[in-house]
Each structure stands twice: as structure tokens, then as C-alpha cells.
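Which chain is which? They are A, B, C and D, in the order written, and residues in each are numbered from 1.
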């Protein structure tokens, strides 16, 4: 939904997957150049693992997880798809799957796919900067990659890369607040979640809704996590589902007789989104109640229907998580030290704190 | 369909319209700075005219014009939409419409909207370069704009801008062959044209096809030019129609019982496009016939059905058209001279020649 | 000396002065657009003030201040030059001088020339990023300028610019450590300081040195602060002095009979610089003494001569100084708050701490 | 002298040499990937050859060749320096020298160093574009390199690279007229040539001139081509000579008693250059004579002295030279064809024509 604020941001997971795989190639060259043994087969497997790392994401992944495909984790779907591909390609993905799962004996390959310094993040920050024009997200991915090394089977950063890593962590934090959690982006995502919830609700009570075949499958069936992984039919439909199914159907629902659904769909397609307030403290309960009542009255809604238009939620972001998989700096004496300690300022330690914010959404009409 | 070759090229007419309007603002500042009187109202009108200059384009404009909405010119649809907006905005678009139609007394404003040096081209060349990564298309739009002037109510370029104009004309030519008329782009567009033709054909004989409401309208109705402009219902559906309607429907048609439609749709969505040959001379008739027969046999098609899979066509491009609206260079003595004469090389004169090429398309399976 | 590490960094104060003036123009447009009254004359004066803000810097400003022109502040020289220009231009710089001095009644104009958010910094961070290729220094100068406002005659940043300011402060900090205080840059500057000190020392004892006329003036005369500002002759020579005088003379001194001078000059021109160690704690006194003794022995030097080759010093950097001229954020309720408080993380507060580091320099030969 | 027009253009031959060597590395990777055998030693030699290909250029190479070091070709000096380095490095440059001279059996390596598609041009066009900001010079060097191939020991371009080559040739032509032969650049170079000629003239008649040691050597000695290559002393001084010697000396000559020398030096350092007229036809002889007489009168000069201030000359540029070393396109059938024939427009053939222009220079004072 970032394109609602930054119209150029129409880039896709396909670009990102190709880009991350490209960075994997550069990284493997660098690590080999530093004497680390990586076989041709491992290179291919690492490339496959990063190429497919996001394959299980549906369209508007987070919105969908909160509405149509509750409780089914995208990591598990990725895993399922890889295993199906592995059958199709005669077991050639076995090693890639081990790397993806963190079960391959060279742990640093897994860290390149998923970790504090993985090539996923190296790719998306610069890509998102490029397509949004938000220069705060620019990182020196090429320099960071050149500073990567492996010690005791763990990825480390050579000492002189420390400022580039600081910049990387800070950039990531800023991109969260400036782009990914921008007020208008949140407003768009929340409308979408509510649309899909309403559509599902209507479907479950027998109302007929126009929908593409793939979307129809998920509207009209209540699929448990168990069921999803038991029968191929669900994955087959899931694989066909993309943004176009959602958007094309929403456009058709503008004219649906259900007042709530049609209003929500018009809000999204006419870009007449919720007003969103982001605050450090929880919004005042009385005010929320008042907004809700006013909205219900203005739109002639029941209290139950009102929750589609006025509601609160919590968003959060932690730039750096100094847990098990922290970023280690390789000193010249071959010792390592956590980046938050190596930095000469305390600013990095503060990044380790989760920042939680409250959001309050309500329609602009009142 | 450029994104089939350059995945980043997902930018839209919306970006382009905003960008061209932005350039209009810069240009008006420059012209005012050179002493040309442009009122506030004219500025607003010129901005509106350029903002809306492409509004009548449907999705995949050229493909659609050859299949679903035959014989209805996008310029006329733009005009119709502007007139409807003019009613809605109490006549505030009247001047913009005059500029768009070339009927306003300051002709140079029309030339900025549509002409050899219009801001349409200034915007799209650099935008397409940016999103495709094809650096050959980069032009000095900012320098060209600074060199613009008006003489006798016509846009002219000051003498020292001549090399930037040369570069602009050459860049445009190169972008045509490298991007817009790239073999794979043509292949994608041709598959799309054939899909829409087939769908229309099936619809017209009563076959039921899944389609979004907007697309359905154009599949099931045969709308003449006259009819289109007489009843509001057609424009209402046209305005709702976008890429998502087309793509979402094509995805559904993969499973349609009609063998031709489903095969074509799979070709597009599986990126298994026609093989395209581009040649200076017309392809050998016998060879085309042979390809056709082989294809018909392989796919078990009638001769009539075969034309969906093997066919020829002509594409063309003329970089610079030294006709009525040529590019004039303003010399220091205030005389003007056509760019093709002003350039010290004959290379620009050669740009005035239309380059025609032949294309031959056939499936990869044979 | 940055070009020793980043060869592209040959940009000059001339570029920077033009760039900062360009940003002044943009900023004044923005502030006028927000309703702040800035007269044509004030615009010209602000432009002059920023154009000339660095005019008093000699070549290798800091190195020179520690060797040839001790105790003469570049701000005072800038002032002197502006006053001379003011005489030449019949008093047209009077207002610019007031702005430069902070004595003009619109204080925010002075803050644009010199303050926590001045256009000096806006320009040099991006310029240095561009020419060094260090992407960590990229800031959103254009967005920051659009977020500038004036409250009670003070520059403030509108609330939604807060992340861009965070990025600006962090970028500045990173550029210090990655570029301006890079080990090799320090090594180059230190060699230069020692060369100039030695040359001055030799000159003062009557040794004849090749030098361009301008450099010769400062080598052979001991000029006090008082004297500098009393007689025009000193400024006349100072104005002629630039990098070329220094470098051309150093090249000639490679062959000077003084062993110390010629060795230092060869170190610089052959890029055989000091080894520099940067540490948080002061280097071990015994080790420094040992290095000094070894060097003196290896090069056959007296203890007094040894200080040209082995020495320690302190460098420091404070990214943000929350003193009188702090950065204030303009909230929506028109209240202001210091950026360090407005940020949702404590990382900005940590930027307020001066970071001091110790350097130890010694020749690579030992 | 390009920096007189484009202040950012302070980049040096050092950058260019590094850049061209970098491109050599990329190219060798590409060619190896296409199955062409290039040994490690050949790679090193090709790298050395391109790194040193310009080493014999003095400062302001062309200006110097017309004044101080007449008749000594920079290619011969490059050769001499390589041979001296070869002695110093125990013959390790022997193969590089063969490649540089065109005597190595793999001719395509020589073509990469010097030819219509050499890496010299690939580097300087983009580099000059970057530092001047003239976007017309941007070429797809990376794409061109990927399209390079070798056939019968000659560099060829694969067919689909043809548009990138067209763009490269056109860009080069435009950069000549827009940058390298810009009026103000020519004016600066011509002043410099005249300064050095006058200085040499004065020196040869015994006038004492301030000069750095290296420059002094070439002012006070008349060195024939023979002499230059016979004694090491000349090369030793030549190797020390750079822009700083020239500029630092010119600054000193502003105050020289010779009226002509001091006037010329002030013209350069005060940026009060000749007025330059560039025309397709030779300037009118009578007008030139009149300008000369006026100038002589205004400045109180003899006719002989007048030639320093009013004069004509010829400049020329041929974008593409379809001679022995033409650019061959590799067709899919493995035949090759000259680019000028392969292009579908005649514009490339026109590039084969040398464009000659006349210049007329005179001071602005008259």
C-alpha cells in the first residue's frame, strides 16, 4: 500500500527475490575471496534458498493473514512450495531447504538468507529507497558485503565496516516510520483488512459476491491450518491469488448492496481513507467511544457495524534485536564484539528497544 | 508489456501525468523569465491540459483498440472526459480544452501539450529510462526546458540547445527499438491482442466467460463509435476498466474449455510467448505458410484457428517528423531554422525517414 | 586531503559556496510560500552572506592555522574581505554583513547561514557524498528545506520532518568518522602540518626555500593577528595563496638539503604517509617513547627532530550540540520541542556527547 | 580547462586510468565467459597496458605540445616510461608493452587498449558526464561490455548491442561539441597556449621568470625530440611537471614586467578570456585584420605582439572513423558487418565525416 504515498513504489516481490539472489552471488564471491570454502552446489542452494525465501507470501500478506487465511504462516507455505518444487526437480532443492530451515551444517549460509544482516534486508532497503525516492533508506550494501566475513561458522562484519552497519540499522528504523508505517499506508492497509473481513463475513452467511476463482475459494471456504496443508487444492488456489484478484474484486464490490462493503471499497478506490492518528500513548477511551457513536449515527450503523469504521490498534518496530542472532564485529585481533558495544555512541543500544505506537482510525466524514 | 523484459517498468500513466504537469510548471517559469506573458489562469489551464492529455487511454491502449473498442480514438475519449469534468467543475476547464484542441490563441501552449518538443515526451523518455534502467533514453530535459523560447507564437529552441535536441531525438529513436518495440514486448502485446480477440469472438457467439463487470461490458456488447459517445453507460464502464480487470480475467481463462483461449492465456501468464522475428524485408511467404501448417498440425487446429498462433505484421517508427510542426532553432540574429538543417551533420535528416520493420510471430513449440 | 582515500573528492570551496547559495534560494522560496516576509534586498543579502561565508579560509585551512598563520581566525578574515568588498560595491553588502555577524533583526536569516540546520551543512554533506561515493552521507536536503519554518524569529522543523533530521544528524556523524577523520586523511593532514612547520622553522633561521610569492610571504614573515589586520599587504598575499602554491612548493622541497623537510615532502608526494592509530584511550606513553627512540635511531635524528615523525594528538566530534542553538521541532499545536526530546528513541540524546579519540602517528619504516 | 564551464570537472587522468583498468577486468571476465582463452599473465598485461596508456601525457597535454615540448609525442613518452618501469620490474611489463604497441599475437587485447571501442573511451565518456553533469554523454558501458565478443582475433559487438553502440558514437560526438570543444574551454586553452609561448619566448631571450624547478627546465632549455629521448634528465623533469607547476607559475607571472605575459596571465586567472567565435566557414579576413588593428591600438602593441590576442585556428572532430579499425557487428549467422551498414538509418554513415570548424579569438575589451 506504500504506493498510496509514494506512487513510484509499484515494485514487486519478484524484483526483490531477483535482487536478493544477485546479492547472494556477490557475497559468495567475497567470502570465497577471503578463503572460505563454498562449493558450487552450496552456491546454487544458497541462491535457491534466497530466491524462494518469500515465495509463500500471498498478496498483501499481512492484511490477508488477518482476514482470509488466518493462522497459516507464510514461512510454512514457503516450505510447502519448496518441497513440492523439490519433488518436481528430483531432489535438487534438498540442500536449499536445509539452508532455509537452518539445518545445514554451514550455518552462515542460513544467516545470509535470514538473520540480522541477511541479503533480504540488504536488497529491500535500497530497492524501497529507489522506488519511493526516500533517500534516508540508502545503505552501502556493496560496502557491507565487502566487509562480511565468517568466524566460527557465523557471519561477522570486519571492524572498518562498523559505520556502514550503523547506517544500515538507522536507515531501517527510519524507513519503518517514514515509509512502511506511514499514516496513509496504515490507513490503506486497514481499509483493506476491513474489506476482506466484511467480504468473508458476508460469504460465510451465504451472500453471493463477485470474485475471481482464486479469491472465491478463500471467501467461501473456511480453511484451517491443518486443512490447508492436507489438500493440494488450497495451495493451488493460493498460488493463483495475487493483487489483481483482490483489486479487481474490490472494484466490483463498490456496487454491492451491502452498505458496509460498498462504502469500504469506495473508500479504498477513491482514496478517501481513514484518518489515522499515531500516538505514543493509548488514545483516550472516551474520545474513541465518542467518535464511534458519532460515526454510527452519521452512517446509520449498529454498534457492531461501527467497528469497521472506528477502531484502535498497536504497531511496533524494533530496529535491532541483540538476541541470539546479534551482529558481531570482527576486531583486528580476531575477537568479536556485539555492534551495540563496539559503537562509540550509545545510540545503537537504544535501537534494541521495541518502539510501540498506538493507532486510532476513523472516517474523514465526521 | 515492457515489464516482460525490464521487470522494473511497472510505472503507470498516473506517474507520467504528474511528471508532465511538473515539467509544465518548470517550463512556464522559464518562459515567463524570458518575458513571455502567461497569466495565472493560462498556467492552470496548461497544467490541466497536460495532466489530462492521456486520460482517454484504456488499459493496454493499443491492444484494446485492436480488439475490444475498435475504431474509438483515445483522443476523443480524452475530450469527452474533459468535457464531463468541465460540467462538474462549472466551466473551469474551458480554457484547458481550447489548449488541448489547439484552438487557444496562444498556440505555443498547445505545442507544450502536444508537439515535437512537448512535455509528454520530455517526461516519458526519462521516466522510462529510469524504470527500465536503459540509459540510452536519458535526456537533458531540464536543459532543454531552459533553452525553450517563443517566437511568433511558436516554441523554438535557442541555438545552444541544439546538441541536447539532437540527443533527445536520437534517444527517442533508440528507446523505440530497444524498449517499446523490443521483440519480447511485441510478443507479449501480440498474445494479449489475440486473447482479447478470441474472448470477444467467443462472447459474440454466446459463450460465457468469467470477467469483471467492466470488462464484461465490452466483451458482450458490440459498441460502435457512435454508440460509445451517445450513451454514458459505455464511458462509465470504460473508466472502471484497468489492467487488473484484464489480467485477473486472463488468469481465470487459463482453465476455460476453449482450447485456443486457454492456450493463449497460459502462454501469457506462463511467459511462454511467441517467438518473434523482426526483419527489414517481409518474411518469406512460403516459410510463413509452412510454419502455419506445422502449427495447425501440432496443435490440431483449423486454418482459421491457426491465425491466432502464426501471423505477420508491420511496425514502424519515425524519430522526427519535419512536417508542419518541425523543431525550429532560434539563431542569435532572431532568425529560425529547422533543426535538421541547423545540425552540422546529416544524421538528423535521416531521422525524418519512417523506419518500417516486419514481424513474424509463431509459437515456440514447433 | 580526503582525495588520498577517495580520489574523486577534488571538489572545492567554490562548488560548495555556489551550492549553498543555490539552497538559500530554494529555502527563501519555501519560507515565503509559508507566509514569511522576506524582501528582495534581504534575499540578495542572505545569498551574499552564504556565498561568502567561507571566503576567509586559506588552502588546507586547519593545517595552515596550525603552522603558517597562527592565531588568525578564518571568520575574521571572511569579515575583513566582506568589508573590503562592501567598500568596493558602495555599501551594498552592509545588510549581508549584519546577517553574517548575527546582528540583523531577522535572526532566522543568520541561522540559515550558520546554525544547526544551516545551508552550509545541507550542501556539504550531499556534495561530499557525491564526490567520495560514500552513500552514508546522503541526506534529504530537499525534503528538510521543505519542512523548514520560522517561529518567533527562529528556524524550526515541522513535525513530519523529524526522521529526515535524525538521518541528517546521523549522516553527519558517520561522515566524520568515515571520511573527514579517516585514518589516511589524518595522516595526510599531519604530514602537511609538519612540512609547513618545518619550512617555517627553516625560513625563520634564514634558510632559503623555493616558494611561490604568496607562500614566500608567509614563510619569511612572522605575522601576528594584529599585524595581519593592520596592513593590506598580508591579505593581498593571503588572497593569492591556494593549494597550488603549497603543492608546487612541496614538490620542489623534495630535493631540499634539509633531511627532515625533504623526507616529509617525499612522504606526502610519494603517498608514504604516517601510520595512524586511532583509539578511545590515550596511547601507552612507554610505547610512544619507544617508537620515538626507534625512529630517531633509524633516521639518525635528535630528540627534537624526532617530534616531526612520532607524535600523538586528540581529535573530536560532536554530532549535535543541544545548546543555545538547538534544533526545534514545530508540533501541530504550534508548540516547539527540542529534537532530542521529540525523537522516540534515546539515540539522539547520545549524539549530544562529544566523542574524543586519540591519534598516534609514526612512520611506516620502523 | 573544462572546469571553466563545468566547475565539477576536476577529475584527473589518475581516476581515468583506474576506471579504464576496472573496465578491463570486467571485459576480460565477459570474454572468458564466452569461451575465449585469456591467461592470468595476459590479464595482468592488459591491465598494465590500459593503466599506463596515458602515462606520457604532460599537464594540459595539447597546450604543452604546442608550446613547451614541441614535436615530442605523448605516445613515445608513454613508451619510454613503460620501458623504464620494465627495467625496474625485471621485465614483467614486456607483454604489456607488446600489447600497447600492437605487437602481441592476440590483437583483440590491443583493441581493448586502443581502438574504436577501447576501454579508454568507455571510461572517459561516462566519467566526464558524471563530473560535468552533461547527461548527453551517458553511455551503457556495462551493456556494451557484455555485448563484446572476439571473432578472428578482432573485437566485435553482438547484434543486439547495435543500439548501444549507436548511442555511444552519438554521445561521443555530442560531448565533443558540448564539452571538449565548448567555446569557453577553447578560450581557456588558447590563453594557456599563448601564455606558455610568451613565457618560452621571453626565457629564450634571457628574461628571468619565476617557475617551479620542473617548469623552469622546459622554459630555459630548447629540447629537441632527439635530445628528449637521449638524456634521462628531461624525462625526470617531465615526470615532476603537473598542473600545479603551471598554475602556480602563471599566478606569479600576473605581476611580471612583460605587459603581454602579465595581461595574458590576468586574463586566465581573472577568467576574462578571449571572446571565441566558432563558425563553419573561415572568418572574414578583413574583419580579423580590423579586430587585430583595433586591439593593437587599444593595447598599444606591435603587429607581432598583436598575434597573442587576435588569431584564428581550426578545430575538428570525427565521431566514427570507418577505416581499418571499424566497428564490426557480429550477426547471428557469425558473419560480421560494419556498424555504419548494420544500422537501419543512414545517420551513422554521416558520423564518418570529419567536422571541421573555424575559431576566431579576440579580447573582450574591444
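Heads up, the rule we're going with is that a residue touches a chain if its C-beta (ideal position, glycine included) is under 8 Å from a C-beta of that chain, and two chains touch if they have at least 3 such contacts.
Computed from a prediction, not measured in an experiment: that's the story for all the values here.
J.: Quickly list, by label, the chains bordering both subunit A and subunit B.
T.: none
J.: How many angstrom lie between the CA centroids of subunit A and subunit D, rounded to a whole number?
T.: Centre separation, subunit A to subunit D: 53 Å.
J.: As a quick test, compute the distance in whole Å between the mean CA positions of subunit C and subunit D.
T.: It comes to 35 Å between the two C-alpha centres.
J.: Just curious, how far off is subunit D from subunit B if you go by their C-alpha centres, in Å?
T.: From the centre of subunit B to the centre of subunit D is 43 Å.
J.: Please output the residue numbers of subunit A that touch at least 2 other chains, ranges allowed.
T.: If we look for residues of subunit A contacting two or more partner chains, we find none.
J.: Using the contact definition from the top, classify how the chains connect: line, ring, star, complete or other.
T.: Contact pattern: a closed ring, each chain touching exactly two others.
J.: Pairs of chains that touch, anyone?
T.: Touching chain pairs, listed by label, come out as A-B, A-C, B-D, C-D.
J.: Which residues of subunit B touch subunit D once you look at their complex with the stated criterion?
T.: Interface residues on subunit B, with respect to subunit D: 134-136, 138-140, 163-164, 166-167, 170-171, 173-174, 177-178, 280, 344-348, 350-351, 353, 355, 357.
J.: With touch defined as at the start, can you tell me which subunit A residues reach subunit B in the complex?
T.: Listed in rising order, the residues are 7-8, 10-12, 14-15, 18, 210, 212-214, 240, 243-245, 247-249, 251-252, 255.
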